[in-house]
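In the two assemblies presented below, chain A is common to both, partnered first by chain B and then by chain C.
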Partner chain A sequence: MSNAVAHADAHGHAHAHHPALQHHFDTMGQQKEAAVVGMWVFLLTEILFFGGLFAAYMIYRVWYFDAFAEASRSLSLFWGGLNTAVLIGSSLTMAMAVRGAQTNKRAATVNWLILTMILGTVFLGVKVIEYADKFEHHHVPGYNFQWAAAHEAPAAGGEHAAPAAEGAAAEPHRELALNGDQLQLTTQIYFSLYFTMTGLHALHMIIGIGIMLVITWMAWKGKFDAEYYTPVEMAGLYWHFVDIVWIFLFPLLYLVERHT
Partner chain B sequence: MLDKLKIPERHYLNNGHGLASWLLTKDHKRIAIMYLISISVMFFLGGLFAVGIRLELATPQGDFVQADTYNKFFTMHGVIMVFFFLIPSIPAVLGNFLIPPMIGAKDLAFPRINLLSLYIYWIGGVFTLYAMISGGVDTGWTFYTPYSATGSNTNVVPTALGIFIAGFSSILTGLNFIVTIHRMRAPGMTWFRLPLFVWAHYATSLVQVLGTPVIAITIVMLGVERALGFGIFDPGRGGDPVLFQHLFWFYSHPAVYIMILPALGVMSELVSTFTKKTIFGYSFVAFSSLAIAVFGFIVWAHHMFVSGISTYAAMVFSFLSFSVAIPSAVKVFNWTATLYKGAISFETPMLYAYGFMGLFLIGGLTGLFLATLGVDIHLHDTYFVVAHFHYIMVGGAIMGYLGGLHFWWPKMTGRMYSEFFSRIAAILVFVGFNLTFFPQFVVGYLGMPRRYHSYPDEMQVLNVLSSAGASVLGLGYLLPVIYFLWSLKYGQVAGPNPWGASGLEWQTQSPPLTENFLEVPVVEHEPYEYEHIVAKEKHLV
Partner chain C sequence: MSGHVSPVSLYITIFLALMVLTAVTVGAAFVDLGQFNFLVAMIIAGFKASLVIWYFMHVKYASKLTKLTVATGVFFLAILLGLLLIDYASKGFTSMPMPLS
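Take a look at the complex of A and B:
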């Protein structure tokens, strides 16, 4: 494009610019500041994006606390806890990758990035196991949603599911004021939020891993140095943000009322 | 003197030819031109649906179209006009084009993201157009649940998806502006030397960045409920449809300020330029933009006074809604004070500015009627509401947009349009607009509900007036297309500063270079220093 050529000519004079400096910025410092401000504004939009879901969660949790507590107990603390540890670990490895780029250590940057991607993939793998379990127990909202089945007999086969549900509907359910029908409806709201929240979070992780693939390739090609490592840092900010979302999701979804 | 002016040899329009040089450009000015074309297409498409609505309402009986078709007409009119015309209009066209030269920058901070936002807008538009062609949608532009989630049999999901996608275009534009205004100002361009147009866009960008994600997530929730059978808003499953309204209006009320704030910014430029005076109370006008943006976020429930929200909440929201009138009135009073003893002139952009002031005033004051709890119960969902928001969105936002387009057209193209025909168009728009929408205040007060395709016989006179006005208005909107296109080839060469305006964007050639300025400008004067400029000119003479 003639555009690019003109700028290349214009910038060919005097002192040499860093190859990563775009034509409309004066200095590398200005370029980096712009990226940092832009990224934080973007993360702000992300907070509001998830914020809508958190608002809905808050309202329904107050309205249907018993159902939320019941449904929350059906999630696996082991898998949830493991995933929390994995994600916190991946934030550490991400921070190490940024440090590697800052200190001109190409191999370290690439290795830490790869490790971060592996941890991210482990998280998603665990999520697949958990989702599969929800499908098996009819805990996916929609026409096939069935609350009582899994709750009464988690290990039982499919043919016991329907009668168990009717049984739950007939007698008052434990100490809860809700009867089975209401639980059937309101636990569905919990699971609707569970799948929307964790699904969107997982989507953000997939996008994060995609971004990291590109960054890793760029790092491998030696595009970054102590003067220019903005993309690594921005990917890092995004990744930490996705982690923090999970730090909120885990207690809100898994730990509603675990002491009983 | 004018005949000596020539179009400069090198400018952004001839820097590269052919389709690829446009579709792959990173130049904010070319992107703005592509936005201008795109939103104009959308505007006339949305206008077609308005034609359908006004034709139907010319007679009391529902005889032109079926009720279902009518529902689709007003829905598509609203969706296209709000999300695909008004929200991008001034920011994506004028803001995109002008913010970098106004602050002395070569481009926006993220040129590629700017181009991306245009592509996202196109993709969103394609989804919505697909929904329209394959049967339309009939929920109203507000998509209220549970009708939109479980009741309607029309293309809710593709339309909502189009809005979801277009929202990201709006977010990216806002993000780009915020970073640009923070980090790309030329030496000497301090915050309080920024043109008020830039302040208004800064406030707009905050709303875009903070509000749009919330409508995005609301659409996601609506989408999973409708497409996957999740239960979030479904009252049949214990969900709360009013929650949808809260989330929807948390964005869609501030969205009104996305439409009107940039128009307020345009107005400040016009009033100052065509009175040749420093704007009265610069910092008040600047901060009133921010105040409107902030207040805009805490008034949303005034759309829901009859939706069953708590009376106490309604009272609070009513009072907060009144408070929006304060910064709005600050602006109008300051413009009026600027006019006082100014060298007032009547060029086309200023005609739009005069029109704007009157219509915005009526639109704003009728907003106070609607914010009053008792009155709102009578007026809710009547044509009074329709008239009120058209006074703000059409009388305000579109008048501001057209005023700005006429003002900066010579900067964008280097040529002048016909002053005679443009004045006629401005008058047609003003007369046509009032004839269309003023009767709707009356008919609404008399109790005609919105969204019905038939009405009692005694309301026919007012409705016929409204339909007649709409055709005058339509003519007023078509005329500029003709003389603007004509001006591209035959218009008089404008020169760098045809209006004698003070802004930095007028210090460079028209049309500007791709990099806007030959060298980075250094700003040494306060904004709108016409006394200084006029004094200098007199001295030279």
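Take a look at the complex of A and C:
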């Protein structure tokens, strides 16, 4: 403990402790344990926060499975898969950042944190491409929503994708229980859930990057060492949680039904 | 006190396992398993989440109190989703609103 400070308490006797140890904790271990449990309690509220959306998703998916299957096919498996890989990669770099702090490697901690933020930004960039694609194809729920399945190639004359209701040329890949008008209405429910769930997830990513900016600055200032790296660890818990949410969102949104 | 320091090789292994499982879940989606497609996807996602929680989030090396806290979250999520589905399933999802039919 090179940066331990001598400290005279109210009783007059001096004792040395880590500068990061708050006065209401006895030991660094106790202090870290309190933070870890507190962070997990916060993450529990987050689990149930997203859980409500997962619940809504499940009910509507059972009700309107065909709409979910059709709308899910319109998502790009390439972008979704790439983002999954990027986010898993960012979890690895985050774990390495915590490890850097644990082993007193200040430069490594800062570098891994920066890499994590870059990967997070790449994820958000891909999300922007995907959202722009939804706007372009009128797949945003609301007044201008127009359902046209992804497998229906746009007309060769450069004309934009025709709505499925009129798209007689479209070859259905399987029997659907819903007609065109019903798909027009029910696919909007899928896209409402898509935008809510991925939007809320993206908001968490933005907040996560914001937190990491502060943590990186603190790491740069040399505030962490093997004895005290709790903020890095907490940022890591948050970041991994956001990764876990995406691990479920990816199959739920992109892989509803791909085999027909 | 300093926490458990995992070897880099462990983190790399978990990362590779997560990548392989991502490929597996995409591959499984293209195989017709009927009703089991959803179940397989969720089992794989659950396993991936467990790997992240256990190793990346250091729950493996955490106190019993922390482990209990994590388990509580899973438990309440199961209540939320499980009881909701039991409620709907017991009514056969009959009240499906279907406009324009």
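Everything below uses one rule, namely that the second predicted complex is superposed on the first by the 221 of 260 C-alpha atoms of A that agree within 3 Å, B and C clash if a C-alpha of one lies under 4 Å from a C-alpha of the other, contacts with A are read in each partner's own complex, and residues count from 1 in each chain.
The criterion applied here is as follows: a contact is a pair of C-beta atoms (placed from the backbone, for glycine too) under 8 Å apart; a residue touches a chain by one contact, two chains touch by 3 or more.
Nothing here was measured: the structure is a model prediction, and the numbers come from that model.
K.L.:
Classify the contacts of A:Val62 with the two partner chains as first (chain B alone), second (chain C alone), both, or neither.
P.N.:
A:Val62: touches chain C, not chain B.
K.L.:
Counting only touches as set out at the top, which of chain B and chain C does A:Ala16 meet: first, second, both, neither?
P.N.:
neither
K.L.:
Looking at the overlay, does A:Leu53 come into contact with chain B only (first), chain C only (second), both, or neither?
P.N.:
In the superposition, A:Leu53 touches chain B alone.
K.L.:
Identify the partner contact of A:Tyr143: answer first if only chain B is touched, second if only chain C is, both if each is, neither if none is.
P.N.:
first
K.L.:
In the superposed model, which partner reaches more residues of chain A, chain B or chain C?
P.N.:
C
K.L.:
Quick check for you: in the superposed arrangement, does A:Val37 touch first (chain B), second (chain C), both or neither?
P.N.:
After superposing on A, A:Val37 lies in contact with both chain B and chain C.
K.L.:
Counting contacts the way the document defines them, which residues of chain A are shared by the two interfaces, the one with chain B and the one with chain C?
P.N.:
Touching chain B and chain C on chain A: residues 33, 37, 41, 44, 48, 51-52, 55, 59, 63-64, 182, 185.
K.L.:
Show me the residue ranges of chain A that touch chain C in the complex, using the header's touch definition.
P.N.:
Touching chain C from chain A are residues 27-29, 32-33, 36-37, 40-41, 43-44, 47-48, 51-52, 54-55, 58-59, 62-64, 77, 81, 84-85, 88-89, 91-92, 94-96, 99, 102-103, 179, 181-182, 185, 226-227, 229, 233, 236-237, 240-241, 243-244, 247-248, 250-252, 255, 257-260.
K.L.:
Considering the complex alone, what residue numbers of chain A touch chain B?
P.N.:
Residue positions touching the partner: 1-3, 6, 22-24, 26, 30, 33-34, 37-38, 41-42, 44-46, 48-53, 55-56, 59-60, 63-64, 141-143, 182, 185-186, 188-189, 192-193, 195-196, 200.
K.L.:
Could you list, by residue number, the parts of chain C that touch chain A in their complex?
P.N.:
It is residues 1-3, 5-6, 8, 11-12, 14-15, 18-19, 22, 25-26, 29-33, 37, 41-42, 44-45, 48-49, 52-53, 55-58, 62-63, 65-66, 69-70, 72-74, 76-77, 80-81, 84-85, 88, 93, 96-101 of chain C that touch chain A.
K.L.:
Which stretch or stretches of chain B touch chain A in the complex?
P.N.:
Touch list, chain B to chain A: 15-16, 20-21, 24-27, 105-111, 113, 171, 175-176, 178-179, 182-184, 209-214, 216-218, 220-221, 224-225, 228-232, 236-240, 243, 247, 250, 514-515, 520.
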